Every structure is written in structure tokens, then in C-alpha cells.
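Starting off with a structure, shown below.
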Amino acid sequence: METFIRMLKKVKLNNPILIEGLPGIGNVGRVSAQFLIDQLKAEKFAELYSPHFYPFTIIHNNVAEVLKNEFYYWKDPKGKNDLVILIGDSQAGESGGEGHYDIVEKILDFSEELGVKMIFTLGGFGTGEIEESKDIEVLGAANDEKLISKYEKYGVDFKGSMNRIGMIVGASGLLIGLGKLRGIDGVCLMGETTGFPILTDPRSAEKLLRVLMKILDLEIDLSELDKKSKEMERFLKRMEAIQEKTLKKLISKQEKGKENLSYIG
Amino acid sequence: METFIRMLKKVKLNNPILIEGLPGIGNVGRVSAQFLIDQLKAEKFAELYSPHFYPFTIIHNNVAEVLKNEFYYWKDPKGKNDLVILIGDSQAGESGGEGHYDIVEKILDFSEELGVKMIFTLGGFGTGEIEESKDIEVLGAANDEKLISKYEKYGVDFKGSMNRIGMIVGASGLLIGLGKLRGIDGVCLMGETTGFPILTDPRSAEKLLRVLMKILDLEIDLSELDKKSKEMERFLKRMEAIQEKTLKKLISKQEKGKENLSYIG
Amino acid sequence: METFIRMLKKVKLNNPILIEGLPGIGNVGRVSAQFLIDQLKAEKFAELYSPHFYPFTIIHNNVAEVLKNEFYYWKDPKGKNDLVILIGDSQAGESGGEGHYDIVEKILDFSEELGVKMIFTLGGFGTGEIEESKDIEVLGAANDEKLISKYEKYGVDFKGSMNRIGMIVGASGLLIGLGKLRGIDGVCLMGETTGFPILTDPRSAEKLLRVLMKILDLEIDLSELDKKSKEMERFLKRMEAIQEKTLKKLISKQEKGKENLSYIG
Amino acid sequence: METFIRMLKKVKLNNPILIEGLPGIGNVGRVSAQFLIDQLKAEKFAELYSPHFYPFTIIHNNVAEVLKNEFYYWKDPKGKNDLVILIGDSQAGESGGEGHYDIVEKILDFSEELGVKMIFTLGGFGTGEIEESKDIEVLGAANDEKLISKYEKYGVDFKGSMNRIGMIVGASGLLIGLGKLRGIDGVCLMGETTGFPILTDPRSAEKLLRVLMKILDLEIDLSELDKKSKEMERFLKRMEAIQEKTLKKLISKQEKGKENLSYIG
């Protein structure tokens, strides 16, 4: 079996932007993307299945389904940028690269077919500290320097990300890194969070969403985020077993990258 | 080498139903399927070999054979549903998904060729407790909601399965989850068992078989099950080494899924 | 890169028999096959390279060479059965099955091209005890029952092998198990040895060779075996790193199979 | 996704020699190759991407890039041998062989296209001791005996390498070992170093470069090596997470090979 995308509905999109929010540290990306889907009433139009996910079948809403990623779309009423939002139960289950690269390439193939020219990937950055809401920052990494000046005015800290993060693990990084090789612009936005993998962090998601709303010129009511996050957390806890391996690595690797280091290349 | 199916005999089947009983928790599925084969005098007609099994060659009946899965068939004298029964020495040996997905897809390809429209997968659900025989329940998970009302009248607890199980690991789940994508109906039936991997549980198998007999309108004498189980246990103990890795995962993962959690999807 | 066989010399063989002696427990098979090559002055005619070996390059005779398996041939002066002897630095390095199955299938493809109809695989069986030379037995496993009566008269204990061994791990088992599916007869001969992976056991190899000489009607002077074994041990010790993982598994798995268990299949 | 090479510039090279300096023990090879690139002002003309690298995206110079290897070229003003210098963020991330073999074969395919007939691979050899600068030796391993007499006059200890090293792990060994099968000459040069993976060792690199300069008849000012190494170390520290697994193996395996053993093959 190869990784494949199953179309549920044929869609025609106008200058679409891809927003990725797969499970990760603090589930910041997953929660943000799910909230976006709910509030925008985005519609599912495709699913991705892969042998690189764990061989798990989850039971929800009484029905057994294998692990998958899901693509939702939203038509921009202003006619500027339609959105494609990618969420999912899991990233690739293996610790090696093959599964991750394979799935990300399939997502990029599909994105190109849809006409995507810009990708925002959403994630959390584990600080190891419990911070006051007001102190939570949104860090950014771009796949092209021109994007930094374009987006740092929205309150994204790009310079901090290099010094403090150093390295992004998994789909959020690969999508923009490999996207670059296809001429797709990409920015990874990371909300600071304590870094306990399963402790879903709605406050970090809120900060992330506020930045994203400004960038995309969206109007979303964030008042229900906290409540929604709590419900979502219950589901995500069930995914704990799946995320365990990947996330343990994610964190230990990212922690190590937090030194102020420069590259002499 | 690719996973392949070796035909031993060409068969023509009438509305066949696939019943899977590969090794798993408490060997409930394996024991049930083997007993069904013995009592129905089902005949082997195909074997599946795969590089995703461990590189082990087992010696039984004096002959060395590599690990394999086996397909048996039974012609329904009532002319309603012939049965295809799948048993085997092992599931995929790797902890990642690739081997599991690959083998399950091959089984589904073969099932489609045979005209299978319905799959029952048999397994155990480890409760961590030693229960009285009378308290052993049969839990179920379906790949389509319509199947729940159809089968819960036979004493299958579908609602409990979502709350208590949450997740099925390995072939029993994937067969119905990936079968769904091909339009094949599927139900996973799980007998409660203590959950020690190698402690073969004939009592749980008996409960499972009673439910399955009612569903399939079969008449089988279960009185020999206990004796047969003891013999089978000896064989299955030799498979311990193979099952160890897979099962350790199976259990630890399923244990984690036993919380009462709902999905906000 | 795929596993491939590199021909060094084109040979035409008469009713060839394949003898495999890759590294394994006590290096019994490796030592036996090497001694056979030396004493028969067999000539190397092919090499097998594989990405499933560890990425190691070994330096011997001053030259750096990647890990490989080697095929030697010997023309039987009696015109009965030419021999193909397979030795090597390593078996597949991974713990999963894919590498093992892949390499064994390539060896079988090549064997069929050469006209091989019979395979003897040589190995050790770890007893966990240090036995007197006179007590060292040669156990056997056959891929067809007819072979048992044919070869047990040479002093091979086939019944003991089922009860005590239960399972063969790696190439020695797969070659005869997968060979069977191609209609190639195969017998695995195992000399009892203590079972410390790197403690090369020339006494066990001697017993094995005595049986093999009788079976193949060969005349070889075994007096130098002990000396040669000591030299070989030095080389094999350098391979320790490579064998470590595979052998740890080999042993722990085989130990578990040593119970007197029967199969109710 | 397959491992692929992305051309940045088409080049025509004159009798090119490939010099490999990927990360490894003491980063001796990486530091040496980087310094060579800097001092010769070699120009990047190709990049290699692979799913066998870890799924990491590193942020340097403010830009997020996936792990890659890089090819630089230098036109020899004397018209003798142009150089192709290969450096990179990482070797294959998996402990098994497949990734390593795959990437090395791609490098060799590319080298053949460029007309490479000779390869020097650069690495460190961990002695476990902190040695005086004057005592640091350069050990060598060749893929053909004729190369030993050709290069030992430059101060490379080939005999010591067999007795003390025994085995090379990863790309430095495979490039010359697999290169041999294509008729490409290859020498692996290893500077002695303490063997702490991340403790970049400019003194060992200096010794290595002095030997290489003599061999290649290059004139390079080594006075800045120490300073450059320190800067480089900062970047390489960030790669620590990536190298960890591979290097732990590298060292433990190489340590084991340091006995005085000969091969009776």
C-alpha cells in the first residue's frame, strides 16, 4: 500500500493557502486548525491514508476508522484566498524519515494540484516553562528570507526562532522546507507552550490564531476556544499512544536546539 | 520479495463472509477461528507469505515451514453464506505500520476476488481483571453505523467498545477500517479476557463463538473447546517469541484507550 | 540499491547441492563451510551485496571491502554432485524480516539458475551448557518429511530438533522454508554448542562436518580444523559488532522454543 | 520520495577527484572539507535530498531548510585535477543499512556522471585518548592494494588502520567499498581524535589537511583553521541531535574493531 489521497468532493479553489495543523507539541497546531475549521464551517473534501501511520483503528462516533489526515476547504467570501486546512489523527509513526518525507511529498503534490502557492504550518514550541498568557509569543520560521519582513509586522518573532528553536521536527518543518524546492512559500508559526505533549494548550493556540487571523484578514470569534479545546483534549488524549514516540523525540530534539548558535556555512 | 498469496486449490464461493482470527490478546481470535475450522472441517485453499513476518522458520509435524497465514473455506450447506476463515502463525512483525497495512491490503485484494462483502474479525479485549465466565462480554466495533443496529441484538456491546476500547491495534482493526474504503462491511468482535498475551483464554473464545454462531446461524458443538484450547495453547506458547513485541504494544496501547472519552471531530 | 549478485566467473555445474554457512550461533555453520572451502580448494565465483547488511566496510588483507556473501564452487571428481558453498561476513542486519527474506530470495533465484535441487544449511544450536565432545549431537530440520528417513541414518536427530528447537531464525531456516515453495529439498543441520555467539566452536563444527561428509560422500582431513578455527575466530571476533544485534535475538528466541510442545494445527 | 540530486549549476570538470567530508567522529572530515571549500572558494553546484535523513528542518541564516548534502566544485588552475567536495548536515539517519547504501549509490552515480575516477573520504578515528598534537597520526584504508604504495609515502599509515580500526562505519567506508565495484579508486583518510562525537577536533583536521594538501598538491593557508573550527563547532552542535544515534553506533562499533586480528579467509 502506498500513501494515497481519497477525494470526497471535487473543488475549485481561488488562490488557496494551505494551513497545516497536525498533532504536535501541546497540540497547539491541531487545536488551532480544528477551531478554524469549526468556526469557518470549512468542509472536508479529501482524506489521506498511509502505511506510515501506526496500524491503529480508532473508534469514534461508534464507527471504527483507520488513522488518517483530512483536508478541509473554505471559500473566502472576499474572493482573496480560499483556505485548505489540513488536520489529522497522527503524523508518520516511525522515528526515521521515510514515512514523514513520503507523506509530506504527497501533501505537496496535492497542494500543487490545488494551486497552493503559500503554506502556513502551525505548531507549538516547548519552552519547558509555564508562562503567563500575556507572555506567550509566536515564533516563526520562513523558507525564504523575503517572507520575514512580510510577516514579522504581524507580531511573529523570526529571529528568536533561529536562536531558540534551531530545528523543527516533522511535517511542519518539512512542508515548508520541501515546499521551497517546488517554489512554494512557507512559514511555520509556533506558539510558545510548556511542552508537555498531551497537555493541550488553548492559550497558546489563541495567540497563534490571533496572529493568523491578522495575516489572513479573517474574523473569528475566539471566545469558545477554551471550551472547545477541553472537548478536543479528550479526543487527543486517546491519540496519546500514537503520539508518544514521535513527540518524545520532537521535544528532546527541540530542547537541544535551544542554544544561541550561528551557522558559518 | 513481496507479500504473496499461494493458491492451493481453486474454489468458487457463494456470498462468502471472511472471518479473521490471527494471533492477538489472549489468542481469543486465533482459538475461535481454529475451533471453527476444526468443527466445520473447513479446508485450506490458500496461504499468505510475507517479508513483514519475522524471519523465523518453525518446525511442526517434523517439517520446517516459514511463518504464514492460512485461508480455509467452508461451503454452507444451507446455501446462504460460504465462509472464508483466516488464521495464521503471526501478524506483521514490525512495530511500524507498513507491514500491517501491506498484509491487510493483500488480504482485502484477495477477499474482493473471492466476492467477500462482509468481514468479521475476532479478537480479545484485555480488561486486566480475571472475570467470572458469566461476566465475560463480547464487545464490538463496526465500520458503519448501520451494522450496529443489525448486530447488537446478538449480544454485542458496541457502545461499550467505544468508551472502553477506543482503539484496535493490528489486523482486526485495519481489515474493517481499510475494508470500509472498498465498500466492504466489517465488524470486529472482541471477547473480554484478562489480557496476559500468552494465556490462551478458551472461555472468552467460547463466548465469542456463541455470538458468532448466532450471527452466522451455525451449529457447532462447543464442548470440546476447552480440551482443544489446551492443546492449542502448547503450540501458541512456541509462538510466544514472535508475538512478544507486537503484543506488548497491543496491550499497552489498548490500556491507554480505556478512558471514557468522546470525540468532538 | 537492490540486493545483487556479482558474477566473477561463469560456471557450469553438475547436479549442484548448495551448502550454506553464514555467521550464526557459535559460528558453527560459518566455520564448517569455510573449512570445507579450504580443504576442497573450492573457488569463489560470485558475490552478493545488499543494502540490508549494516553499512560497514571491513579492512582485511589491507583492503577495504563492504560486507558481502560469497559463493564458491567445487567440481565433484566422482561426477555426482558439484557443490556450491555460501559463506559471508553477515546475515541481514535488521531485526525485522524484510532484509532476511530479500537476501534469501536472491540466493534461491541464483540457486535455481545454477540448477540446485538440494540445500543443506549449517548452523549451531545453543544449549546453554558446555558439553563433552562425545555428547555433541547434530540436530536436523527438513522441509519435507521424506527427507527425514533419508538422512536420519547419518546420525541426524530430526525428532529432537522439533521438541528442543522449535524454531530456526534467519537464513538457515528461510532457505529451506522458502526453498520448499520452489520445490527445492532442504535440510538444516545444527551442531549443539554452548550458545555464546562469538565463542567459535570448532568441536561442534567437527561433528557437523563428519555428518555432512558421510551424507555427501566426501573425504576431508579434519585434523587441521581446530587450528584453522582459532585463526578464523580472530576474524569473526571483528565481526562481533555486526552479529551482536542479530545474534542476541537469535539466541533469546531459540531459547524460548526449547519446550516440549506439540502442534494441534 | 526517492533520494535525489538537485543541480544548481551545470559544470564541466577536468579529471575530477571527489573529496567527502560528512559529519562523523570528531567531525574531522566535516571540518576539513568545509575548510577546503572556504579556502579554495569552491562553488556549490548540486544538493542531495533524501528520505533517509531525519525529518528535521533546520533554521540557519533565518531560513528553514531540510537536511541535505552539498556538492562544491573547484577548478584546478594547474589543469590537473578539478575537485568535487561533498559536505552535508547529516548521514543517513537510520541504524540499518538501507539509507546509507541508497545515498552512497546516488553519490556514486553522480560521481560517475562527473567523470570521477578517484575518491578521498575524510573521517576521524576515535582513540579514546587525548593525544599531543605532534602524536596525531593519519590512518588510511584503500579499496585496492596498489593505492597503498602510492599514498603511504605521504605519511598515511595503512597498516595501522587494519590492525587498529578494522571497520569503517557509514559513508566514508561505503563510498570506497562500493566505488571499487565500479572501478573507482578510493582511499579513506582518518585523523586520530579522542572520539567524543561533538567535540570538533581542529587539530586532527589540520593533520588530515596537511596530508591531503601534499597528495593533491594544493596550497592552503591553515592558520585560520582553529578559528574557523570554533565557529563551525557551533553549527555542528546543533546537529548533535541528528548525529547522536548514528555516532553512538559509529563509536561503539569502531572501538570493538581495535584489536589486532587477521583474516584467514
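Residue numbering begins at 1 within each chain, and the chains themselves are lettered A, B, C and D in the order written.
Operating definition for what follows: a contact is a pair of C-beta atoms (placed from the backbone, for glycine too) under 8 Å apart; a residue touches a chain by one contact, two chains touch by 3 or more.
Small disclaimer: the values here were computed from a predicted structure and weren't measured.
Undergrad: Considering chain A as a copy of chain B, what rotation angle in degrees (nearest 5) results from a C-alpha superposition of the former onto the latter?
TA: 90
Undergrad: Please work out the Cα centroid separation of chain C and chain D, and write it as a whole number of Å.
TA: Here chain C and chain D have centroids separated by 36 Å.
Undergrad: Distance-wise, how many Å sit between the C-alpha centres of chain A and chain C, to the nearest whole number?
TA: Centres of chain A and chain C (C-alpha means) sit 51 Å apart.
Undergrad: What are the residue numbers in chain B that touch two or more other chains?
TA: Correct list: empty.
Undergrad: Select the category (line, ring, star, complete, other) that matches the graph of chains linked by touching.
TA: ring
Undergrad: Of all residues in chain A, which touch chain D in the complex?
TA: Those in contact with chain D are residues 92, 96-98, 100-102, 104-105, 141-145, 148, 158-159, 161-162, 165-174, 176-178, 180-181, 186, 188, 252-253, 256-257, 259, 261-265.
Undergrad: So in the complex, which bits of chain C are touching chain D?
TA: 1, 6, 34, 49-66, 93-94, 99, 228, 231-232, 234-235, 237-238, 240-241
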